[in-house]
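See the structures that follow.
You will see two complexes here that share chain A, one where it goes with chain B and one where it goes with chain C.
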Partner chain A sequence: MTTYAKGLKGLSLATIVTITVALALVFFYAPLDADQGFIQKIFYIHVPLAIVSLCGFILGGIFGIAHLRTGDRRYDMRSYVAIHMALIFGVGGLITGSIWAKASWGHWWVWNEPTLVSFLIVLLLFATYQPLRFSIEDPERQARYASVFAIVAGAFVPLNFIAVRLAQQFVHPRVLTLTGGNLPGPMRLTFLVSLAGAALLYATLWKYEMAAKDARMQLRRLRRSLVGEDAVAPLRRSAAPS
Partner chain B sequence: MKTAIAILRKDLLLELRALETVPAMVLFSLVAFVIFHFALDRATLNGQLAAGVLTATLLLASMLAINRLFVAEREQGGFDAFLLAPVDRTALLLAKAAALYVYLVVLEVIAMPAFAVLLRPPSLGASLPGLVAVLALANLALSIVGTLVSAIAVQTRARDLIGPVIGLPLLIPALIGTARAIGPLLNSHASGAPPAKWLLILALYDVVFALLAYAVFDFLLED
Partner chain C sequence: MSMLVAAAPALPLHTAGKYVAGAYIVFVALILIYVGIMAKRLRSTERQLAEVRHELERRDQEREVDREAERVA
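Take a look at the complex of A and B:
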């Protein structure tokens, strides 16, 4: 039993329960938006996905710092999986955001919504993470360079948001501010539960991928010591740490 | 510091003798102005459009230098020699960023008059001090981020691809700041001073990435 598999069952159950509750709240409890109607409910999926994705990118940067400071390759794997998962969440956030924009503003893409634009730029930057890893062959150097990239890109996230936000002539009303914003009570509760659901889903998927990668590495090690070096095929070039 | 100056001298001397990078950047910029003339179908540009054309051209021209910045070090064993020498590794970052800065200044000294002649933005003379201030900060952003990205890209197999693909998104905030700061300067009734907001953003970007580059650069050199 690897360390990553520990508590995975409980975490998965908590995720399923939270997401079910969140969906129930979204469809049966949260009031319909007076202005936008039913389509506003995509907010409860889109915003949590985007927030969790950005936190995942920054988490990847923090693991990158830990990797460079300690030289422990496990941190590189954690950083890789954090960014990998955040990318998937980010694409989801971008697509749901685009659908929402189409429904409420009539266009698939609007340039005067700073959060959406910043998000696209961040995603474009992080989309180069895997090509970068793939084009460095030496695994040790790959890990080191990937961590440097993760740190720089993680610090880029807030800076980019400031610049894009200021570049708008006028800014849409903020639904959500740090203090909780002007969201009515039932909507805020639904949103917070949805956010918790997305965060739990991220944590669960992160743990699953870590456990799978860890198990595969252990299996390789065992096979190598049981049947000998030659029987195990050498690793192919890969963007993933191994 | 002495090491950095020595490396910078070597780089500038090499560039002066071989004339590899800067002439290519200048030619690229001139061609880009012609391309923009035809693509936009305008004989003159003003305001934000002119600023956008100028900024995008400088940004893309700098990519040429960024791609080549460390190539000689890698191909001729300069990295190994540098690692063997008992010197601070930050000196290499400093020297390369300074070299890139010098290339960009030379490029701008040639490309700006060409821009003025070819695309005739209004009031270039009156807003020159403001323009110099903005470009000084923009060059700093380009040279810091460019050096960092170049040091990453040069060790990859597809370095000509990885450099721009990582560098361009990273430089978007700097591009926003530069283009928005230059825009008002190129209006037909420009005041001559760039908006302070954008100068501040550029300065913030420069400081953040200078500190980041300083913090992570050593790890790119280990072997």
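Take a look at the complex of A and C:
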């Protein structure tokens, strides 16, 4: 069993239970929104996906700092997987947001809406992370440059968020604030459980991915020591840490 | 379940329903695609693991034959 596989079963079960409870709350407990009606149910999937995605990008930056400080390549792998998972969640957030926009505003995309466009910019920025890694052949340099990118781009995420919050032209509804927001109790509870579900799903998939990558690397080392360096096919050029 | 449905707010599944369903289907589809990719990678890892196991067994057999030959000699 790899280090990352420890506690994976419990985490997976907690994820399944939380997501099931969240879905039950969304459809059977949370009241219908007075303004948007049933369409507002998308909020409970769209916002948690977007928040977890942005936190994942920041986490990638934190692992990047740890990699540069220690030189430990495991942190590079953690940063890579954190950003990889955050991209998947980000795409989910973007698509569900687009569906909500079409239902609410009649358009799949609204270019003059700061929150939408800023999220797209963050997503596109991080979409260049893998091509950047792929373009660097030397694994050491690849890891170092990728960490620098993860830190700078990760720092951009909260800055971008604050800038959008300070912007005056709001179209996007503001339901979550530091002072409590405008969500009534049942809706807030449903949202928090949905957010916990999305965060747990992120953590579980991150651990799965790390466990799988770690197992593959261990297996490769085992093959090398067993049949010799020459008998094992060289690794193809990859964006993933090797 | 029927009690839950009875207690739940009415679900107006006309225009809004398809959008809400679409959003949640996207979520499920993303997870399924990811799990599918992971399953494919797992098969590849299992194949490599089987190769390593075969190699170990072959070596064990060779060592056994050598030991037998030494005993006979």
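To be clear about the criterion, the second predicted complex is superposed on the first by the 229 of 242 C-alpha atoms of A that agree within 3 Å, B and C clash if a C-alpha of one lies under 4 Å from a C-alpha of the other, contacts with A are read in each partner's own complex, and residues count from 1 in each chain.
The working rule: a residue touches a chain if its C-beta (ideal position, glycine included) is under 8 Å from a C-beta of that chain, and two chains touch if they have at least 3 such contacts.
Small disclaimer: the values here were computed from a predicted structure and weren't measured.
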Q) Who does A:Trp111 touch here: chain B (first), chain C (second), both, or neither? A) neither
Q. Thinking of the overlay built on chain A, is A:Thr96 touched by chain B (first), by chain C (second), by both, or by neither?
A. second
Q: Decide which partner touches more residues of chain A, taking chain B and chain C as the two options.
A: C
Q. Looking at the overlay, does A:Leu132 come into contact with chain B only (first), chain C only (second), both, or neither?
A. first
Q) Thinking of the overlay built on chain A, is A:Lys41 touched by chain B (first), by chain C (second), by both, or by neither? A) second
Q.
If we overlay the two complexes on their shared chain A, which of chain B and chain C does A:Arg223 touch? Say first, second, both or neither.
A. second
Q: Mind sorting out which residues of chain A both chain B and chain C touch, each in its own complex?
A: none
Q. What residues of chain C sit close enough to touch chain A in their complex?
A. 4-5, 7-13, 15-17, 19-20, 22-24, 26-27, 30-31, 34, 38, 41-42, 45, 48-49, 51-52, 55-56
Q.
So in the complex, the part of chain B that touches chain A is made up of which residues?
A. 148, 152, 155-159, 161-162, 165-166, 169-170, 172-173, 176-177, 180, 197, 201, 204-205, 208-209, 212, 215-216, 219-220, 222
Q | chain B-touching residues of chain A, taken from the complex the two chains share | A | 68, 121, 124-125, 128, 131-132, 135-137, 141, 144-145, 147-149, 151-153, 155-156, 159-160, 162-164, 166-167
Q. Of all residues in chain A, which touch chain C in the complex?
A. 24, 27-29, 31-32, 37-39, 41-42, 45-46, 49, 88, 91-92, 95-96, 99-100, 102-103, 201, 205, 208-209, 212, 215-216, 219-220, 222-223, 226-227
